[in-house]
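Labels run A, B, C and D following the written order; every chain starts at residue 1.
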Amino acid sequence: APIAMIGLGRMGANMARRLARAGIAVEGFDPLPASREALAGEPGVRLHASLADAVAALPAPRTVWLMLPAGEATASTLAGLRGLLAPGDLVVDGGNANYLDSQRRAAELDADGVGFADCGVSGGVWGLANGYCLMFGAADAQAAARVAVYARALAPAPDCGWLHCGPVGAGHFTKMIHNGIEYGMMQAIAEGFALLEGRQEMQLDLGAIAELWRHGSVVRSWLLDLTADALREPGAIGSVAPLVPDSGEGRWTVDEAVRQGTPAPVIAMALMSRFDSQGRADTGNRLLALMRKGFGGHAVTA
Amino acid sequence: APIAMIGLGRMGANMARRLARAGIAVEGFDPLPASREALAGEPGVRLHASLADAVAALPAPRTVWLMLPAGEATASTLAGLRGLLAPGDLVVDGGNANYLDSQRRAAELDADGVGFADCGVSGGVWGLANGYCLMFGAADAQAAARVAVYARALAPAPDCGWLHCGPVGAGHFTKMIHNGIEYGMMQAIAEGFALLEGRQEMQLDLGAIAELWRHGSVVRSWLLDLTADALREPGAIGSVAPLVPDSGEGRWTVDEAVRQGTPAPVIAMALMSRFDSQGRADTGNRLLALMRKGFGGHAVTA
Amino acid sequence: APIAMIGLGRMGANMARRLARAGIAVEGFDPLPASREALAGEPGVRLHASLADAVAALPAPRTVWLMLPAGEATASTLAGLRGLLAPGDLVVDGGNANYLDSQRRAAELDADGVGFADCGVSGGVWGLANGYCLMFGAADAQAAARVAVYARALAPAPDCGWLHCGPVGAGHFTKMIHNGIEYGMMQAIAEGFALLEGRQEMQLDLGAIAELWRHGSVVRSWLLDLTADALREPGAIGSVAPLVPDSGEGRWTVDEAVRQGTPAPVIAMALMSRFDSQGRADTGNRLLALMRKGFGGHAVTA
Amino acid sequence: APIAMIGLGRMGANMARRLARAGIAVEGFDPLPASREALAGEPGVRLHASLADAVAALPAPRTVWLMLPAGEATASTLAGLRGLLAPGDLVVDGGNANYLDSQRRAAELDADGVGFADCGVSGGVWGLANGYCLMFGAADAQAAARVAVYARALAPAPDCGWLHCGPVGAGHFTKMIHNGIEYGMMQAIAEGFALLEGRQEMQLDLGAIAELWRHGSVVRSWLLDLTADALREPGAIGSVAPLVPDSGEGRWTVDEAVRQGTPAPVIAMALMSRFDSQGRADTGNRLLALMRKGFGGHAVTA
């Protein structure tokens, strides 16, 4: 069954390629001409100049897969799609939307008779070669079966690396939690290596230790693989600024912890440590410095 | 009963003044001539050119009160005192020593028949006028009674603001925990005001809110008084760098939490947030930036 | 100017009393007969059997002050009020609503020509005698002046303890942050006393130390006063369960930190530590126990 | 070169087996007869009834490897060894000692002309089959070369999974940090799965999600493998108590962070969350409950 892939950035383009290589015809669209051109000549992928054209190229019932930034881009494309789709069609949002938005959007599309599935996709640039990890929510078994057709091709193998997690929202929810765990694991690794580096008189070779731990240790993991790879470059640590951006899903995981009343101290501290790296603790720290100055201070009025 | 006050810095000088004003003769010494000169002419305070002279000026049994920086200064002065003191004498360490050091030092002096009391002193520059809060450890009721003579004069009133907390070590221990609480309270206040400032479109007047909360709110406190006082200056926040030093007692409180296995998440995070302000998270943050770069990455070797 | 006080629970009843004692006529209503009866005979307070009666007893333009639980009670009362109010009337929400709700509600009432002010009120049962700390948001100086008439009577003194903080929402926002700080300060104090208690061989007298610190120490505060008061009862600590509920405002403060990207590690950990006390870490801890069991374990399938 | 393996518990016994299978003669001793008997008949392993016998069975220069619990067992065995060893002998401590203890012990043995190497060993029960991850400190290249003879046999392969990290202490230091990272990663995973479970209306299958994430996700790791394995059992989560012990190395990592002034919020919170699971937050929580009760309260004396 052919599919429309809307959004041909780093993720969408490689997913289009992997689907096409599995024999699934892809009708592609991206608002940026450069993104379309980058896929030109890819066997099995046809590129279209508009969203409407891409959708029109599909036989009914259609499956339209979005790989767009969460937020405005996803919202406006969904708005545009509502005029183009018909009952029986299915939209799969493969971006990193908030699961509460996805639940709301599914209800809106449902009013048109259009199905909606939310699919978290992990794997980054490695996904084209190794396959992606896909977790999706779908309202019923039928919708799930339609998503599974593509998931089998995108995953590392047809029988693993994809899951119908639950109802609509469950896909983006599961992906959100996955990213929350990622925040915590990354921070744990970073703290550990900083402590290794901080015991300076030992002159520990961080790259060698990262490589060491990949073999037989309890902390072996893909994130450690990445760390070992990064530290292989001499001077790697000094080559980047100590600034760590954060994206929606780390924040949403903490929101969820608060909403549930479930403690998530490690994920919360990993997130807030990133805020700190962004200079966002400066006001608080200035206030602390002022208070300390006050200890030595002039009169406090009563 | 006269007393020797060793260490006439900001704390020691004012404590000498307060004792003298209460009619207690003070034999003062500080290794820095400037510190001695600053007290010259203070009624009831005699200044000496050496530790030995100050001690020799006291009748037996002597009480020698140290107000020195914890660590090397306290350790070397104690070493020097051992040759000058006789059985029945009492040393009071009013500095911020680690309670484990104080317990060890008491045992060493005990071998000479010399008593030891550890006294945490809170109050800063306000103590001269308002009195100090004193918490001390002493081996027995007799030693405690000797410390109490001076504590009654130093405290805000003879019957409050001082306490014989327990055995030797209990004074510095209690003071350490006091400072740990202070770290947490300061950080809570700083976070709150940073959040007020961060909701920029409301243009909240932080100084007015600090002043407001001093009257009838749940968070009214001396630290809030200090904050309100500091924020009264226009442009106060911008006038200081976002750098917050830390001293021994915050660290020791976290060590104690770990030693006990008692959770102290707020005190621990207040401390580590200060480390962050000192740039000590940079290595970890660079590692996180490297890992994030790796997501988009080149080959991870197997 | 008379006022309608809607909600005569612990807070509302005492506020009605304090207003009446200041010479402001109060038209009171509470859906619970028992709450109304508790105020019967209070000079200056008239009690009504319905919301409509209470409102109708006021001369135009009316001021209606709500002291209701945030959420459903406030929302349904506001819905009921919309049919009873006329252009020029003013609603003051003195409850602990989320500031985002208050901003939305102000916009809804504005469509009817009705004003809205959000007023955080701190002080608890002590407010009747000592006065309340009030922080409010109002759209303009005129609305603020109308709130100030009552704030002056409710505050500890006419010229302190109340503040027009900013636009609508600024009152509940400021109150929310106040409570966030309260969470952090309470937790800091609790951790400190737990550490005092945990150094068991010293047999420290927690109540005596709390009392001590009230005099001249850096951590003196109203929350410490409460702690000293509570610890004065022998066996106080053992008399309560180790369970700490949380209410909306602590959670909202952490939400706000995440929304802003402002680190608030201490407030976040104080909140999550409460979740933990509620047994909400159990699932995570069971998973950790399972993982630890796995270290000794049976085969992990590849 | 033959080796004495002192301590034949779960780790030591399997390491003795793996060494023997690699052709290295092992002279084994454990104070528990049952531990010795469990190895009886193992080809290449000779069992001795005393520490002295095991040591005496080695040709000079001897290598004695300790696999004992850190603390008293290691300390007393080292004390016993001092009378049995001669200049040129080498002791390898493969247990989880604090690196500061190891540095001190190396200095003590050095006074006898006996060498010391500290070797962290990771791998648990999986090590016999898969090999161990070994990280050691040694004073010089010669001592390191002697350790490497055994490390090559114990590691997953002769050329990976072992490292001479640096001077004496560097092995136990590196292992300590490894375990600190492990605490953070475990806690991140546990928090994530607890959040999955907490969104109850989705009825997520935690075991299926753990298995899913093992394929292509960013969080794939050996600890996730363990989690997936554990969750494969129906009712696994309910089968264990929500109690998570902690051992020395997690605590020491936080001590080290404090010693260095390097922030490690995630590792610290992972540790303190375990304290909480052990009921060690109860006193603090009771104090918070008391304070909250005080809000509604009786008189606070001034």
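In this text, a contact is a pair of C-beta atoms (placed from the backbone, for glycine too) under 8 Å apart; a residue touches a chain by one contact, two chains touch by 3 or more.
Note that the coordinates shown come from a computational prediction; the quantities given were computed from them, not determined experimentally.
Undergrad: Taking contact as defined at the start, I'd like the list of chains shared as neighbours by chain A and chain C.
TA: Chains in contact with chain A as well as chain C: B, D.
Undergrad: Please indicate which chain is farthest from chain D, where distance is taken between mean Cα coordinates of the chains.
TA: The chain lying farthest from chain D is C.
Undergrad: Note whether the interface between chain B and chain C is symmetric in residue numbering, meaning over half of all numbers used appear on both sides, and answer same or different.
TA: Both copies, chain B as well as chain C, present the same residues to each other, with over half of the numbers appearing on both sides.
Undergrad: When the centre of a chain is set as the mean of its C-alpha atoms, what distance in Å lies between chain C and chain D?
TA: 48
Undergrad: Taking the mean of the CA coordinates per chain, how far is chain B from chain D in Å?
TA: Once rounded, the distance between the two centres reads 38 Å.
Undergrad: List, in ascending order, every residue of chain B touching at least 2 other chains.
TA: 124, 187, 189, 191, 194, 198, 218, 222-223, 257, 260, 262-265, 269, 272-273, 276, 281, 283-284, 295
Undergrad: Where on chain D is chain B touching in the complex?
TA: Those residues of chain D that touch chain B are 218, 246, 251, 254-255, 257-265, 268-269, 271-273, 275-276, 278, 280-281, 283-284, 295.
Undergrad: Would you tell me which residues of chain B are touching chain A in their complex?
TA: Touching chain A from chain B are residues 10, 124-125, 186-187, 189-191, 193-194, 197-198, 222-223, 225-231, 236-238, 240-245, 265, 269, 273-274, 276-277, 281-301.
Undergrad: State the interface residues of chain B toward chain C in the complex, per the touch definition above.
TA: 122-124, 126-127, 130-133, 135, 137, 155-157, 160-163, 165-167, 169-170, 173-174, 177-185, 187-189, 191-192, 194-196, 198-199, 202-205, 208-209, 211-213, 215-224, 253, 256-257, 260, 262-267, 269-270, 272-273
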